[in-house]
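You will see two complexes here that share chain A, one where it goes with chain B and one where it goes with chain C.
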Partner chain A sequence: MAAVEATAGRRPGRRPVLAVATLAVLVLAALVVPLVAQLDQQLVDLRSAGLPPSLAHPFGTDEVGRDVLLRSIYGLRVSMLVGLVAAVVSVVIGGLVGLVAGTLGGLVDRLLMRVVDGFNSLPHLLFGVFIVAMFAPSPTAVVVAVAVTHWTTAARIVRSEVLSLRGRPFVDAAISGGSTRARVIRRHFLPNLAPHLLLATVLMIPHAIWHETALSFLGLGLPPHMASLGNMINDGQRSLLAGDWWSSLFPGLLILLPTLALSALAQHVRDRANPRWRSELVL
Partner chain B sequence: MKLRVDGLTVRFRIPGATVHAVTDASFELSEGRCLALVGESGCGKSVMAHALLGLLPANATVTGHAWLDPTATRTDSSGEALDLITAPEKTLARQVRGRRIGLIPQSPAAHLTPVRTARAHLAETLRELGRTETPDALAARAGLRPEDLDRYPHQLSGGMAQRVANALALAGDPPLIIADEPTTGLDRPLVDATMTELRRLRDEGRAVLLITHDLRAAEQVADEVAVMYAGRIVELAEAESFFTRPRHPYARGLLDALPTRAFKPVPGRPPELTRLPAGCAFQPRCPLATPLCDEQPKLNGVACHHV
Partner chain C sequence: MEARAVTWLRIIGWRLVFSVPLLLAVTFGMFVLAKASPFDPVRQYLGDRAMVTSPEIMAEIRANWGVDRPLLEQYTTWLGNLLQGELGESRSLRLPVTQVIGERLGWTLLVVGCALVVMLAIGLVLGTLAAWRRDSWLDRALTGGAFATEAAPVFWVGLLAIWVFAVSLGWLPAGGLTDAAATEVTFTGLLRHLTLPVLVLAVSQSSWLLLYVRESVIGVLREDFVLGARARGLRERTVLVRHALRSALLPFITIMGARVPELVTGVILVEAVFALPGVAGTTIKAALAVDFPLLAALTLLATIAVVLGNLLADLAYTLADPRVRVLGVS
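Up next is the complex of A and B:
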């Protein structure tokens, strides 16, 4: 049943177009708007504090009169950057560990995989909170926290792929022709791993964004003055009690939109990589 | 003479048992000749090929000798006499595989990296072997069109992948070719094309060791036939006399099993290589078996007490 739904729900081209368009608009906004903005995102204007959405302030203003739309876009910029860097760092760390474990095998493999199990047995968020608590609030602290808690996924993916590659005849052929281990890794493992690493990174970005916002929401992630989506929701929850829904709703939507779009895109990439569905696409 | 295999024996240690994969195999192969090693699946044919190339797993013990260029002297251009069984891995990797022995593998497509084109495979192999030939020229020698070379392995048909594998085996211009079940999964026309190709290689003066269970294919190219049963060579004969007058009861059974002949399968199943019967391994299936067969027959053209 699930398979039937998945196949029926896969309309080639449509879902990714929506996802790509959403992402493109958001990324473009995050990149361009801060360059051309007329208002200062940090400008406090107590006369226009707590205004509901209007033409002048489409997302309203927060409790000290800052424009929520502008700050949301600045926040999106920070969240995306932190998410991207954290995802890349965790995939690089995990990829290296998985490559070493899968290539060397034996005792090294068993030890590294027990370390992976150890990290996986700790609750992500709690462990992340523990790590950021050791630093002053900063983007670096958040990147470290997310990377340290999330490299294990990539390590597992890469290790299992390397194990399967190691048994393939073309690798035997390379070794029997005198290829060194380094050469096999460079010429055979890495090119064959590239699509897996790419997918792992894309899947990791929304996850990393959620963790950044979660940590910031708890007041532990980014410095409180920095416009980040998590910080804004945290600020907004106080005015929420007074009925000012806009100052936390819009930043919340800006977390949901890009991460859902990225997830849909990653899902699409995964579907295309699945040979059973790929053959349908060709036909 | 190109290859002299002398008393080659391969054992695999597995938990609680020993696999008698190849026992006391001896044969010779000269330039411009093709020896077909035939027999049912699991009789030790491929193990023999892998033993000659030093590709057996770590739990294998190999005894005996396999002399490459046994008559060569140190000054011969093709290389000095070398015992493939005792040669160090480094010598095999740098001087033998691809250079003095070319392997045409079973399932050629699996031996190609999925992320690179056929041309990239050929170019890299030629470069590593220090050849100046272009990939296109090499491909042409193996019957490939230049445009086929820009395909990735999954875009190649079985026959094209086979020809890419042939081209790779020929890249180093090796005087000895080992073809390990090169026709697996190919249809009749492609089998015939592969055999034509091997015949051409033989006629160029190369020694060809063809490992196959396809007797009809072997008949097209072989000068000599060695029949293996349960790890032993039970008949070694000139191809012409083998296909007209097979002598060993097993060889006769194999030929009678062909659809073009009696289409009558050999009764029973081959023995497990971990528990071989005493004496002649074929006696449980043999119509001629007598108490005499409890003693291992010597190979003198044919290993049987009754012929």
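Up next is the complex of A and C:
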């Protein structure tokens, strides 16, 4: 809480603008560049293998002469897509569990929350490794691995939100007006849950990307021929020992930058959206 | 004293009662996944020889391993063996799983132990400094650095560390436990080989601690008793360490225990990057080889580590907070 207060005292300044700009550039690059690129990202050119960054290749070239900048953008595209799908799947699973737990309450609620606790006390990456190991490395396996280990956050958020909604007068009014449970959920719970679900999904994306890259780096993520940020860092590992730093450094930066930008933005939104926190802490 | 012992026993008892269904669910889940897996473990084991092995022999191996029996029976057999301390044979390393773990667990514990010490030192000292000089350039540099290391993947940080310290500067070796020419593990060799992995793991794990300590010390520094201590003319260092840091530390102990899963993740990646012969790196090898007996045992081991972490956190919390000690577990 102290951090909230610490940043609230200061003016937001240019930080959120910078974060939005970074995200916009990265997302646009991932969306647009593959459509307009003249170069082929998979093009092997042994004559220009292992070139350091230059004007022609701003991020250098890898050990078989592929342009690292272009491949990083393709990798970012793949990682973002896998991250988005994994985040949506885990929020949907978590949202359903949270909705059931919050709406039914009682024994079901307690049981489901025990399950959530159980999943939370598992080492996430290890279970991802286990799941991918038992099935062949593929985008689906990665999405399943991430979703299975990450749905609990959304479940907690949705459950606590449903619990607080249940006590509101308009829900009482709807029920005494003869609304069925399904109608209350559809008309009253879902619209109020929507912003939380959206925020949970957005905040889950960097986690999912992180997991995808970690699994791919270990050789247990996306198939090796796909340009993903994790695969690129894994490939770069070999040439790194020969001193070619660029083929691992730049893909890693593309993981770091969106994560940092998103967490700065989330911090800002949280401070802005909830002025009560600020006033509570000032008092 | 009497009451405290009772409280401790009660906490340990509750934790154990709760951990049994968790461990059962986790291990059973592993068997379900293995059953659903499209890989044939016998083919995986034989590799290229699967082409020339007769179906009868493959069926024999299958019967030998018990993988042809129903899921529940396989699971109960495994569970029964586990209770007798028998974990089966690793299919990729062709060694008993207990031996593999016995040989490698020590290295992992050594790396994790050293990293924890360094992490505590970094987190506590820098976090307190950042809180004390709040909003200064030092604070901004420290919190910025902490956010960056929090967002950066551990394996990437490890690779950059190898590039800077092993490849460019040549100060430290890039991986392994011994030099290529060495025949035995020496203390100085070990020190040189473990410095980078321990530092990388410690730095990547300390960022949350630094931010956490900073937040709580900032919070505590505004409390009346700190104001009182300052008004009595106590030295700034005494105020900071004896008053502010001490009360800020209380909730941190429980969070520490809850962070064991992240620690497991970190050590898996660090051992993979630095090619260390610990259990965490072995997990990846077992996964790549679809070596179920080894992978199952290592996953169980990691889950037990998490359960123990939670237990230790509870116990440490009782020790640190007299309210919990006196009033008992809530």
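Keep this in mind: the second predicted complex is superposed on the first by the 265 of 283 C-alpha atoms of A that agree within 3 Å, B and C clash if a C-alpha of one lies under 4 Å from a C-alpha of the other, contacts with A are read in each partner's own complex, and residues count from 1 in each chain.
Here, a residue touches a chain if its C-beta (ideal position, glycine included) is under 8 Å from a C-beta of that chain, and two chains touch if they have at least 3 such contacts.
This one's a predicted model, so the numbers in the text were calculated from it and none came from an experiment.
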Fit or clash between chain C and chain B when superposed on chain A: fit
Partner chain(s) touched by A:Ser263 [first = chain B, second = chain C, both, neither]: second
First, second, both or neither for A:Pro223, with chain B first and chain C second: neither
First (chain B), second (chain C), both or neither touched by A:Ile131: second
Contacts of A:Gly177 with chain B and chain C, given as first, second, both or neither: first
Contacts of A:Pro169 with chain B and chain C, given as first, second, both or neither: first
Contacts of A:Pro52 with chain B and chain C, given as first, second, both or neither: neither
Where the C-alpha centre of chain A sits as vertex, the angle toward chain B and chain C in the overlay (nearest 10 degrees): 100
After fitting on chain A: smallest Cα gap, chain B-chain C, Å: 20
Chain B-touching residues of chain A, taken from the complex the two chains share: 168-170, 172-173, 176-178, 187-188, 191-192, 194
Chain A residues within the chain C interface of the complex: 1-3, 6, 10, 118, 120-127, 129-136, 206, 210, 213-214, 217-220, 233, 236-237, 240-243, 245, 248-249, 252, 255-256, 259-260, 263-264
Complex interface listing, chain B residues touching chain A: 53-55, 90, 92-94, 97-98, 105, 107, 110-116, 128
Residue ranges of chain C in contact with chain A within the complex: 21-22, 25-26, 30, 33-34, 36-39, 134-135, 147-148, 151-153, 155-156, 159-160, 162-163, 167-168, 174, 211, 214-216, 218-219, 260-261, 264-265, 268-269, 272-273, 283-284, 286-288, 290, 295, 298-299, 302-303, 305-307, 310
